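Quick heads-up: structures coming right below.
Shared chain: chain A. Partners: chain B in the first complex, chain C in the second.
Right after this comes the complex of A and B.
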């Protein structure tokens, strides 16, 4: 069973899953780091991203490679409404902010259920080719997912590392008071951060809708995975989210291959619990301050 | 994450007269709840059903209030509700144990799990505690589903009997009411005792409490275990009320419901979770005419409440009574 092709397959699947998890978790961890809000609506934005892609492809006949980013940006723009009317008043108020995002996510999910219906749909496969690299089987759509995720993540890291707004966001995440003392306009960066975070989630939602299925309730699982990823990586840590996502993807892929899906689920919960017990601040995070 | 004590000025002013007022409202609530079946007996069993649910959920919500008072928000309460539910359901249907014994066992087993898991969970604080308890809740649901040989998996356990002496809906309602009043007395006793003061100290500043000689960690674990014990009782009652349980009865939505009851009701008083359970159970029923939009409206109410009423319904009541007093004077 433990042969080279199997291992390679595990790696390919793991990296694929990991890429999607990273896309989800980055926005989640960013919103927490900058605004101190546990955004329970993050999964609902992913769901909207899935539907945006679906309608752009099916009704507007936009080509896939354009529809995917376009859908993500549309959802990101829509998320600014939620920022304006719900979240803006609750920044740095962890408990109330969390409950409000739960309410927000309910509104989004059940409105989607009314508008789109509850039946599952799927985004039709755009790429059906399958590649054989020696003994390795790689469907084209997985390669595309990987490519898109890689490009997005690269852009994201470049933005955060080398641009002024990116720097400002990192400063605001690290210490808000210092950021404001340096003349950083926090409100504007909150909006920008929320826009980016929701767009990333929507992009992940589109990819999930393509690889798996689309329904108003599809956001729950990716939300859960982002929780696990940020716990592994440390809340608020962007490199932590990247490493945590990859780790979770690989772990799930290998455990599923060797022990079956249900054991893999239990084991990944177990691993997270272990990490939390041994290193409560996550693998790469800082300890929560006593408030 | 700390639950902020947002005592209103009016509440602080009326500290002296509050105890008697609080006693009076407690008596009033119990009288109303006791008269509930009589008042509606002629009309519908549906209202009795809703009333029973309200009383049942107030048990779990009050038990979670204890954890809230320590400044922690737990999303794992559905797991302990489930442990209680499965314990009594399996004992009743499997071994034919008598109902009172199964009932006691359900609380004890759930409390024992709280005692075992508490030392692990309570090492975490703030958001990590929230996320971990969330994962714990999902984990428990998986175990209920996957451990088929014990729990019968996703099929659930059917035919859970009600206690023989309380088999009519009205008498079962009174049984639940009795348990809820007992639970309220226990919670109140804890909060009014020295331990209660220690809890408030822990919420305000854990390190300060620690340096003043409060055995912080031991108190936290003990309170957590008591909270799990109480919600376990709700699990047993609920299983006998519905006669059927499955992993789907103990999803994250249940945990969420307990948390929302506390937040909407108000976190600074034991009245909060009681008001919250009335509101949260009754609200979807009130919205029944707009079945389609029921959950959307529920979400809207949550968002609005967080924005305009961060102190919950309890604060609203306090504000109203302060206004009334001002008008009267």
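Right after this comes the complex of A and C.
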């Protein structure tokens, strides 16, 4: 059973899952790190991303590689309404932020159920080719997912690391008052961060909608995965989200292959509880300091 | 018209009033010492100028234009910079990025020019530019906090307790640097300090703040000679 082709397949699937988890978790951890909000509506933005992609493909006949980023950006733009009317009033207020975003998520899910209906749809497969690299079987759609995730992650990394708004967001996350005293307009950067985070979730939602199925409730699982990833990586840590996402993807892929899907789900939550007990700041996070 | 005019300011944290009507003005090209003991309201006064605490009463003007109640990012654009008490460098970020964050309001090209200038004042920072700010010594962090504030090319620099917790020889060095930079950039400096002796020796004028009000204001030399100041603040 433990042959090279099987192992290779485990890696391919794991990296794929990991890429989607990272896309989800980055925005989730970013909103917490910068604005101190545990955004329970993050999964609902992923769901909207799935539907946006569906309608762009099916009704507007936009080509897939354009529809995917376009759908993500549309959802990101729409998320600014939620920022304006809900989240903006809750920044740095962890408890109220959690409750309000939980409510926001319910509103979004049930509005989606009313508008889109609850019947499951799926984004049609755009790529049906299957590649054989030696013993390795790789469907084209998985390669596309991987490529898109890799490009997005690279752009995100470059943005945070090398641009002025990226630096402003990083320092505002560390000390808001002092960041504002450097001339940084915190409110504007919060808006931008929220736009980016929701767009990333929507992009992940599009990819999930393509690999699995589309429903108003589809955001729950990716939200849960974001939690696991940021608990592994440390809440608020961007490198932690990247490593945590990859770790979770690989773990699920190998456990699913060797022990079945239920065991994999069980084990990933088991690991999370273990991490929380032994290393509450996450595998890569720093201990919270009082401030 | 003065560079900065502070008139009857009451800085408030929620319903708690930290100062009770503070008035003074700062002219271009001078160093003013703002001295007073714990809780006198020095930090609150500087933060009120920056827009970092709520102004319950009074007004603040820069070049005659009101900035009362403005957000800090707008005050910075009027040429004011602030180095906070306790340094508060961005610890998880490199020295270089701390300085670049200080130049947020400048275009990239001008920020890099400015960086060279700041490194010439603080050569230690150049040597450590790729280290995390949190790993610097206390004195280096203080230099970084001042350098970061200077990056925006301010006309008015507000320094809150730059001597806090530093060894005497470092304090002396920082004093020399403040004077050197002030002179070469024609900067106005407000120096809020508990170390009254040191601050008054650097300054041209001084203000004595007591429980949220200005008790005395005079030339620094007069204050250093005054019996009251000598007894209450200089321990003589």
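Everything below uses one rule, namely that the second predicted complex is superposed on the first by the 288 of 291 C-alpha atoms of A that agree within 3 Å, B and C clash if a C-alpha of one lies under 4 Å from a C-alpha of the other, contacts with A are read in each partner's own complex, and residues count from 1 in each chain.
Just so it is clear, a residue touches a chain if its C-beta (ideal position, glycine included) is under 8 Å from a C-beta of that chain, and two chains touch if they have at least 3 such contacts.
Since we're looking at a predicted model, the values are computed, not measured.
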item	value
First, second, both or neither for A:266, with chain B first and chain C second	first
Contacts of A:171 with chain B and chain C, given as first, second, both or neither	second
First, second, both or neither for A:144, with chain B first and chain C second	neither
Contacts of A:185 with chain B and chain C, given as first, second, both or neither	second
Shared chain A contacts, counted only where both chain B and chain C touch the same residue	none
Complex contacts: residues of chain A adjacent to chain B	32, 38, 86, 89-90, 93-100, 102-111, 114, 224, 227-228, 230-231, 235, 262, 265-266, 269, 272-273, 276-277, 280-282, 288, 290-291
Touch list for chain C against partner chain A, complex	50, 52, 71-73, 76-77, 81-82, 84, 88, 90-93, 97-98, 100-102, 104-105, 108, 148, 152
For the chain B and chain A complex, residues of the former touching the latter	1-4, 73, 120, 123-128, 130-132, 134-136, 138-139, 142-143, 146, 205-207, 256, 259-260, 263, 292-293, 295-296, 298-303, 306-307, 310
Partner chain C, residues of chain A touching it in the complex	164, 167-168, 170-171, 174-175, 177-186
